[in-house]
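To keep things simple, chains are lettered A, B, C and D as they appear, and every chain counts its residues starting from 1.
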Amino acid sequence: MTAHSAPMPAEIVVPLAARRTVLEVENLSLSFRNADGLLPIVTDVSFSIREGEAVALVGESGCGKSITASAIMGIAPENAVIGGRIVLNGQEISALGPKDRRKLCGRHMGFIFQEPMTALHPTLSIGRQMTDTLKHNLGLSQSAATQRAAELLDRVGIPRARDILRGYVHELSGGMRQRVMIALAISCGPSLIIADEPTTALDVTIQAQVLDLLEDMRREMDLAMLFITHDLEVVGDFCDRAVVMYAGDVVERGQSADITRHPSHPYARGLIDAVPAHDDGRTRLTPILGTVPPVGQWPEGCRFAPRCGRADEKCRTRPRLETLSQTDVRCWHPLEAGA
Amino acid sequence: MSVTQATSPDRLTGGDEEVFVTTNKSVWQRLMANPTAVVSIAALVVLSLSAILAPLLAPGNPLKVTPADRFIPPGLEHFFGTDNLGRDMFKMVLHGGRTSLLVGLIVTVISMGIAVVLGAISGFYRQVDVVLMRLVDGLMAFPGIVLATAAAGIMGPSMTTVITSLSIVLIAPSLRIVRGQVLVVRELQMIEAARSVGVPTLRLFTRYILPAVSSPILVQASFIFSAAVLGEAGLSFIGVGIGPKELSWGNALTEARNYISQAPWIVLFPGLALMLTILALNLLGDSLRDVLDPRLARRR
Amino acid sequence: MTTETMLSVSGLSKSFKSVKAVRDVSFAIPRGKTFGLVGESGSGKSTTARLVLRLVEPSAGKIAFRGRDLSTLSSSELRRERRHMQMIFQDPFGSLNPRMSVRDTLVEPQFVHGIGTAAEQLKTAERLLAEVSLPRAALDRYPHEFSGGQRQRIAIARALSTNPDLIVADEPVSALDVSVQAQVLNLMRDLQDRHGTTMLFISHDLRVVQFMCDEIGVMYLGEIVEQGPRDRIYNAPSHPYTKALLASVPGKGSGQRARLSGEIPSAHAVPSGCAFRTRCPHAFERCSSEKPAMREIGNGQRAACHLLDKAMAA
Amino acid sequence: MLRYLFKRFLLILPTIFVPLILVFLLLRLSPGDPAGMMLGDQATPEQIAALRTQLGLDQPIWMQFVLWLKGIVTLDLGNSIFFREPVMQIIPRYATVTILLTSVALVLAVVIGVTLGLVSAMNRNKPIDRGVVTTAVLGISLPEFWFALLLIFVFAVTLRWFPVAGYNSPDAGIIAFGATIFLPALALGVRQSALMTRMMRSSMLDVLNEPYITTARAQGLPETTVLGRYAMRTAAMPVVTVAGLSAGYMLGGAVAIEIIFALPGLGRMLVEAVGRRDYPLVEGGVLTISLVLAVLNLLIDLVYALLDPRIRYQ
């Protein structure tokens, strides 16, 4: 059992389709401006997340998933040029200036990073970091903020909350650090949580605990969650829908059950086949050939074509993201469902 | 986000992967593409040449006294003017540079050389390291000039005294850098990998560690050089340097300061030469660091 | 079929000051087989790998390799013995010397052990490059010109260059992207089949260990708590920690995810008795007072847990 | 915390003793008889012998070392040969001036360095940043004794804002004191302020890349809080370290500055004592500078421990 044991509210089942949309991302693109001009990092990403829903952004390193998240938060590097629309709770936030964007952070969106050790301040106490946020975003007094911070730590399953508030990040274990990070992210009651590989740095038993906690929080607070990961198996367990990215593109989008069980895009299929299966060992794995092309060296047309067994002449032109039977796929030669 | 530094990718195909090749320019080529580096190297070449060729460019004894020519302002006859004894400042600056640069060079070679040997030993033997580092701490915190002043007083001012005391003083920062780098490199997985292969210790040092620490050593050398030039000038200025019979930029300023209101040029030119040399060396060190350590360079 | 034992380790221990990193680890690997050590961070699996090769000096224990006790060899004897045992590291960026071309990297081990003439060494290097599916043109390239997966291939080629009897692989694929992991794992298995190399394989990833290994040891806080043939460990785990570890692997639906409470204690303060008792859902008094002994379960499977006594008594 | 400070104190002992031992060795091991050198050519053999006894030079070297050590520990360094009064009475007169000069210079350097460094880092790659970076490079290349002469020429000779040389103690009033200390302190502080500017700038740029700064922004904290509290707290630490080295360097630079501005400080006294071969006074001067630095470094360690809980934790 997790240490967390807050009483769960009576589950009111609202069908997902009927829920309010929290985040809408439309045709998001992002390039870095450098000496040679613009370097495209992300092109044409669209998805939406409803209340209480977890959407996964899946891909290997360098596919643009993390930078997409920072564009949504409004914390992308200064030399980033961002296009497309980002709508949060009905407000088009991509049209706002940096100051107004910053005001949404914490209050409406919370962020959870991969490495809590470096994502929390090394020389400010845990309590100070939490109360700074609470005081600024919610206008609480110091004592009210401390009280609330202790409650939050308690809620994410941290024992001796008052002591921990006086402590520093280096005094905590990896799992505890990530719990603090989660407490910080939910502290001001956001409607959206963006979690960037929140369990990758953790050991497998701790990973399970943290995933449980995130799921509890999501259900309790009806949070919309954007879950960034490279691990398709976690997606299947944890997320309602999934967006698979490759070389800055969305290549497949749909229900996570469909994508993890019978994907239509050859890349998504490849990702699943590349992981050793749970059953019999001594078979060969089916790797994806080659490596992810580095940013700036994307091929023309379908960016996956050079590594794809199904590629032909047609793949020299860029495919569109089109709705197939179950999922949306960007491929000229999608796999049959169930193949 | 990994943005590779690939400049011109050419593809080698083979096996099931393609090899992306980045044409990597040599350090020298990259240095030559860096305007700061080019300017500083050019300045150093000019300064060295004018020091080496001083007897040709400005023939005659620079210390020759001509009382009739006192305090002539800079002009065509005397480019940098003359001083209180009627000596030609242009000649003094050119010839003074010989001493300053020579002392700087010798001190750099000695202190860096000793630092590399001691740094290597220190990086490998903990007991030696503990003792050496305490010595370095003592030397680092203490002002080198004071030590050199005491040394000069006891050994008598001379070129040897200056070189000895500056070398001792500058070993400390050099050693700290070299040793720090050796400790970093020693922990790299490539060293463990080499040990696991069975590479003997001496080869480990010459083939793995030394090449890896050579870049910071080179960067440090240019800063040590500039510190040595500055140190020599400072010691000579207060009269505990190379002694009155020799000529250096620092020496030239010693007397000049008494005549600053009458003839500011005799203060200006030796100091300017000194500053240019130090500036060029510092800029060279900066640009070397930029070129050799891309991680730091990105910040600039 | 007689199986010759290539490596046999008994009572291997290592303390760094007050930290007991590895405690009383014993296992044996038959020639041509792969033994996997799996565990979370702080379990001592990587230290064990280094102890086996004496890259870290053991505090106690014996390492029998090719019939000799490595722990008694002098440093020069040990250096010569390294020809027969090689290592592959986790970080393909860090384990290659950036100033050495691929040619130098592959020739180096042969050179330091005086294997063959210069021409033969080069020939071996070329052959190895082909075996790890890199083009011949790669010989004159430097490590920074390759991707992570390619570098790991170079590291594998280097490990094979002295034709060793034993390869110790420490998390060889955990720094790689999933799609590249599969390439490297396939390659390692193919090469092992071809050369008949014995392998000690270290990983935190149960899926990878299952794929690669014949026999598996599960480590927790510096000790092996359970070991046995792969299928037994995966299909019939008997130690509560092994069970929890297997259940924690994602991809089975969140309902079945294991809920192991607490975190791994610090190696400074190993709990008394059974080290796992602080997190064990079944712990009882005896677990804190008495250290459970390793006991045979059958089919080559062994575990250290007091529950097994109970089960047998019942 | 106390343990940490005690440890730092032990580490600071070499700072005191290494320079002293060097001077001791230089004095005793350099060729020639110090007593003869001190008294000059006209001295009679009897006078020299008397001085040798007084200085303990007739003892074996190890005995001299013991006596010398005893003198240092009891702060009794004997009498100055020139002034014919105890060294420990002479030193404080001069040390006050040097400590005041260095303190003012250090404050100037820190204020200028931190301000410019921050402005520069905040406006990275903008004209103001380039301007600061260029100025800083010029600044670290500026020999302070030459800069002092330029300052005198511009502000004292030409503009007549300040006296050319001389010293008023703070007892004479803050304005009178300030007028004589400002130019020397500025000359002494200029290189160090340039160094601190560079240090502050690069440290700030490093910290701004740290994930915890992104976290602070992602929490919605305003940029002033992010920079002023979250970034400054860590960015200031390297500057604190540098302040210690800077102070040491300035105590050395003070020698030339005191000579140029005719300040009755320790540096000038030292050079004069060296010239007069007044060895007890030389040793006294070196000891004083060592002690001042030791105290300063302890203070810096204290500040460091207050800034960084990781140190207190050890």
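Just so it is clear, a residue touches a chain if its C-beta (ideal position, glycine included) is under 8 Å from a C-beta of that chain, and two chains touch if they have at least 3 such contacts.
Since we're looking at a predicted model, the values are computed, not measured.
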Geometric centre: closest chain by C-alpha means: B
Taking each chain's C-alpha mean as its centre, the one farthest from chain C: D
Euclidean distance of C-alpha centroids - chain B vs chain D, Å: 23
Distance from the mean Cα position of chain C to that of chain A, given in whole angstrom: 32
Distance between the centres, which are taken as Cα means, of chain C and chain B, whole angstrom: 48
Chain centre separation in whole Å, for chain D relative to chain C (CA means): 54
Numbers and ranges of chain D residues touching at least 2 other chains: none
Of all residues in chain C, the ones touching two or more other chains: 147, 149-150, 183
Residue numbers of chain A (touch at least two other chains): 61, 287, 289, 291
Complex interface listing, chain D residues touching chain A: 210-212, 214-223, 225, 229-230, 233-234, 307-310, 313
Chain A contact footprint on chain C (complex, rising order): 40-41, 147-150, 177-183, 185-186, 189, 204, 206-208, 210-213, 230, 234, 244-245, 247-254, 257-264, 279
Sites on chain A touched by chain D in the complex: 70, 73, 75, 102-107, 109-111, 113, 115, 118-125, 129, 132-133, 136-137, 168, 170-171, 181, 184, 188
Residue ranges of chain B in contact with chain C within the complex: 12-17, 19-22, 24, 188-190, 192-200, 203, 207-208, 211-212
Complex contact set, residues of chain C against chain B: 50, 53, 55, 79-80, 82-83, 86-87, 89-91, 94-100, 108-109, 112-113, 132-138, 141-142, 144-147, 149-150, 155, 158, 162, 183
